[in-house]
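What follows is chain A paired twice: with chain B in the first complex and chain C in the second.
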Partner chain A sequence: MNAPARPIPPAPGLFASAIRIFDLSLGQMLWSRRSVFLGLLLGGPVVLAVVLRIVDTLHASGFRVNGAAVNGGTVFGMMIWLLFIRFIVPVLGVFYGTSLIADEVEDKTITYLFTRPIPRSAVLLGKYIAYLVCTVLLVLPSVMLVFFLIVPTAGGSVAAAFPGLAADLGMLVVGLASYGAVFALVGTRLKRPLVAGLVFAFGWEPAVLLFPGYLKRLTVAYYMQALVTHEMPQDSSVSMLLQIFHEVPSVTVSLLALGAIVGVALWLAGRSVERREYVLEQ
Partner chain B sequence: MPDLVIADHLSKWYGQVIGLNDVSVTVPAGITGLLGPNGAGKSTFMKLITGQLKPSKGGITVLGEPIWQNPGLYNRIGFCPEQDAFYERMTGREWVTALVRLNGVSDTEAAAMAARAIEDVELTEAADKKIGAYSKGMRQRIKMAQALAHNPELLILDEPLSGMDPIARRKAIRMIKDWGRAGKGVIVSSHILHEIESMTANILLINQGRILAEGNVHQIRDLIDEHPHTVHIRAEQTRALAREFLGHDDVLSLKFEEGAVVVQTGRPDAFYARLTDLAASGAHGAIHEVTSPDDNLQAVFQYLVKS
Partner chain C sequence: MSTKTRYFVIVSLLVLGVGFGTGLVAYYVGFPAGALASRGGPAELNFIPRDASVIAFANVQEIMASELRQKLHRALPMQENGQQELQAQTGINLETDVDTVVACLSPDTTGGGRGAGMVLARGRFDETKIEALMREHGAHVETYSGKRMVVADTSDSTQNDPNDSIRHRHAADVSLSFIEPGFAAIGSTRLIKAAIDLHKAGNNPQAGLESVTGNDDLMNLVRSLDSSNAWAVGRFDALRSQSHLPDNVLSQIPAITWFAASAHINGGLRGTLRADTRDDESANNLRDVVRGFLALAKMGAGAKPELQAVMQSLELSGTGKTVSLSFVVPAELFDVIGAAAGRVKPAAH
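Right after this comes the complex of A and B.
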């Protein structure tokens, strides 16, 4: 109680504070009910991969997509794009990103963080980094299992596909970072961020990607397309039609755009947290 | 030491609802009690002086500086909020250490500061247990530990004794008084006068968003004593306690609730002193929690406003 007076340390800077918030938050995030639920969701692709592997083992007739024969590497590429990038990554982004600050407000623990000598935006940044690490730790085992179950089937080669796996994992991290930042912004600005996030990911993005024009540039998925390294089978008439409108930016442009999206979204979200009053329910 | 808080025509609205209405007050150095019934504006005042809320009108300075959007000032302030909210999966030690680290100290220093604060609140034995397994009194104490760990100049405590058992309550009061004697500023809120009075004679009375009186208000105490005071006691042997209570004149009535006995007393000071002794002796089993609804205080405030 009667501790001697000590010199007041300088308030830690934004990044030093963010790392300390990250340390505090990662364990909470990893062992939350949300992570358990989304971990189960990530079991879905693994179950699908097991089924495909069993089918391939029993029938040995290979896989056909839109009438074209494809090997295990192509099926894995389709699963990465359709299941992970277009579904699981946005779902993880929505559920974690929108709740970075909201969870602390709902649990009424935000007071402990906002009454410490750190910028409020460091709380958001630290929790965002924790989200990124947490989701990568959730996604990684699922992708690795799917890779080793699917790629060797139908004439595919693990050795040949392995360098592509690194690119896929990098793409997933970029996707998680981008969607997480966008939904962190949504979470700090809107009253019903989860609904708005789901509408953005599963309403707005798929809709505008179908049409020509500039609107698709207001999506994350448009830039993510350029990072896909796998060839997709394009034999159906619908696919051919979509190809007419299909325009994909270069990898460099996509990476720069996604970097800008992450930077701007986090800056705006941090600004919002700095200025907003959080009135906790009594 | 300069004044702890200076509020100048301070108002706070939540939409159409007034939380605090044109309050001008100076809180001097030492221990000051903020007393008022629930909904009086205590929590709003606490949130304004801890920079969680921005004033709608007027200004506020804490330790001579504006508090809103001034995070550097939190190195000089320790805040123990009212809400019973924690990271339940962390141990008390992990939690306090993690929060002190946010004050910019090294990991080693943070661990030492947390250990010292936990010792101050007498929780060393339970420091490595998960907070989720703590009793209400332990949770209150670990909350106080995180507030005082970085040795702040000003300690702001929002209903710190709520839910504590009589012995923990007595220890907490002693600790707060020690803190004041050590030259630190303390602002402590409660809706129970005798709690505040046991720590300080310097009281701010707040009701309906306004400061009704400030300073040494002994006459208020007499007024409150005229009204029956309700105490809710959660204990192991409620019937044995009830028999003990009935032997004293100041107990006006009592009733049983699930695992608890609810007593109305005409002399809260005498009653609480006896209750603390009973808890310490353990003669009638463990007393887990003591709370007091604010109905009686609300009645006194209504009387004050009318008169």
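Right after this comes the complex of A and C.
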């Protein structure tokens, strides 16, 4: 006697599929070779903070920037600007965002994902969420450690600086989300996404921010600046120029713009993944 | 999700959770003073309220043991009288019992025009003897936040205006409390109570309780001082208001906002005077004035070889709003002073 045919379960929706891809990708992302680079990148500020703390404890003469004494909160603000906003967040966005789909293509494993009964865009969305969770879980604890190592030194107050820390963490999450979405789009559209991403993050963005005009609105950094609670450091002539043309949108406008960047970039990236035919090189 | 990944997520969230928890506790409750901090300046600054306009420090042990003090002690022995009087009244031997002293001036919050002051001293004190002596002089004991406070009312009862008398009485209240064993606070009752609160609860800006370590302007000045064993920093207007100088004299003083004076006393005296002015123009004016005085002084010292070294050491510096004058008084000059004092003394008899 033949058993009755089992009904085929309906294909999972976009979000449910994305969560499955996220579950699969998070571990892969965390324990990949790229994680060594990520560890070094985020361990650097912590090591620097430990060194500064030791120096402060041994010498107890406080920190000096351009001859002026500054407290721990100011040094932390400078580290947020110079290490995290200008370097770590864009770098993580470039390296992880551009590789969301490109790595699967390079490893020739994209076929296994695309032959599943899930929307193709769910693959991108799941990987994007995995990127966001992975980087957030690494960057935020790093910032937290730096905060508690640096802020109490040289007259800084943890209590006074804490609201700023909460704003910094929120700003970093928004920054990682924005850069990740932009570079995910770059990764799905361009053949050499890493080069294009590096040019955008370290060529286009700093250059455009130096000049007055509307071009700076085509950068992520312009909207990120409005969310930073710390004073921009005057570490170089470039920073001085940046301060001269320092035009900052309101926090609401920035959040709306960054939200729009994330939404539009992910939608375009998803659309690209849905429509593009990936030819795997033999 | 693999076990390894799960552990990573848990550890990461734990770091964030502990950090947030600690930050929230600090934000709402405040840390006990010195829990995490190395803030620059002596630890006693944690017990001085944020609104202090002048703070000063002296490492009494170092100064008392210095070669310079020994020379002055030999040359001017009559200075011992004050020390003996203090010892008789409080049982405190300044030379052996006090290690460091931190003092502060705070603006008067009652609008009476007179500021309040406090001295925080670390050393070895006979608490019972000091308290008994103060009670003999009419002081009474109060308890505030679990700490004993000996309150001496030094107000002038001859005031005619009852309102003024109340105001004067408030300003003249002097209290003493041993905040920790070997750590005495003496001065205005209001400031002593604030010190006790800060010692108990630590910095908590949200509750309106914050030490001077949260006052960036003052602390930047404190940190700018080199390794000196005596210094004072503060708002210049606080000094002006206490100086009782005529208005026409006060109007001639340049627009100085902050001042700092530091000295390292050992064989000789090495010191720096620093003034921060309202703007660059005021700083330039002040530099011109000081340059003029220096030129006059150098001219005047030409005939006195013993002053040549001091004059050579005078150095005017500073950029922008800062004007700084450093100087060195060599030990030999104090020998000259000692010799001169020796010559003057017999004539006085």
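Assume the second predicted complex is superposed on the first by the 262 of 282 C-alpha atoms of A that agree within 3 Å, B and C clash if a C-alpha of one lies under 4 Å from a C-alpha of the other, contacts with A are read in each partner's own complex, and residues count from 1 in each chain.
Here is the rule we go by: a contact is a pair of C-beta atoms (placed from the backbone, for glycine too) under 8 Å apart; a residue touches a chain by one contact, two chains touch by 3 or more.
This is a predicted model, so every value here is computed, not measured.
Peer 1: Could you check whether chain B and chain C clash or fit when both are placed on chain A?
Peer 2: fit
Peer 1: State whether A:Thr109 touches chain B only (first), chain C only (second), both chains, or neither.
Peer 2: A:Thr109 sits against chain B, while chain C stays out of touch.
Peer 1: Per the contact definition in the header, classify A:Leu30: touching chain B only (first), chain C only (second), both, or neither.
Peer 2: second
Peer 1: Which of the two partners, first being chain B and second being chain C, lies in contact with A:Leu40: first, second, both, or neither?
Peer 2: Once the two structures are laid over each other on A, A:Leu40 reaches no partner at all.
Peer 1: Determine, under the contact definition given at the top, whether A:Pro152 touches first (chain B), second (chain C), both, or neither.
Peer 2: second
Peer 1: Put chain A at the vertex: what angle do the Cα centres of chain B and chain C make there, to the nearest 10 degrees?
Peer 2: Given the fit on chain A C-alpha atoms, the answer is 150 degrees.
Peer 1: Figure out whether A:Asp56 sits in contact with chain B (first) or chain C (second), or with both, or with neither.
Peer 2: The answer is second: A:Asp56 touches chain C but not chain B.
Peer 1: Quick one: minimum Cα-Cα distance, chain B versus chain C, in the superposed arrangement, integer Å.
Peer 2: Here the least C-alpha separation of chain B and chain C stands at 8 Å.
Peer 1: Find the residues of chain A that appear in the contact set with chain B and again in the contact set with chain C.
Peer 2: 23, 27, 31
Peer 1: In the complex formed with chain C, which residues of chain A make contact?
Peer 2: Spelled out, the residues of chain A in touch with chain C are 23, 26-27, 30-31, 56-57, 60-62, 68-71, 137-138, 140-141, 144-145, 147-148, 152-160, 162-163, 165-166.
Peer 1: Hey, which residues of chain C end up touching chain A in the complex?
Peer 2: Contacts found on chain C: 1-2, 4-5, 8-9, 12-13, 15-16, 19-20, 22-24, 26-27, 30-31, 36-41, 203-206, 213-214, 216, 219-220, 222-224.
Peer 1: Mind pulling up the chain B residues that touch chain A in the complex?
Peer 2: Answer in residue numbers: 14, 43, 50-54, 69, 71-77, 79, 81, 83, 85-87, 89-90, 98-99, 101-105, 116, 120, 146, 148, 151, 175, 178-179, 182.
Peer 1: For chain A, which residues are in contact with chain B within the complex?
Peer 2: Residues 1-3, 5-6, 8-12, 16-17, 20-21, 23-24, 27-28, 31, 107-109, 111-120, 274-275, 277-280, 282 of chain A touch chain B in their complex.
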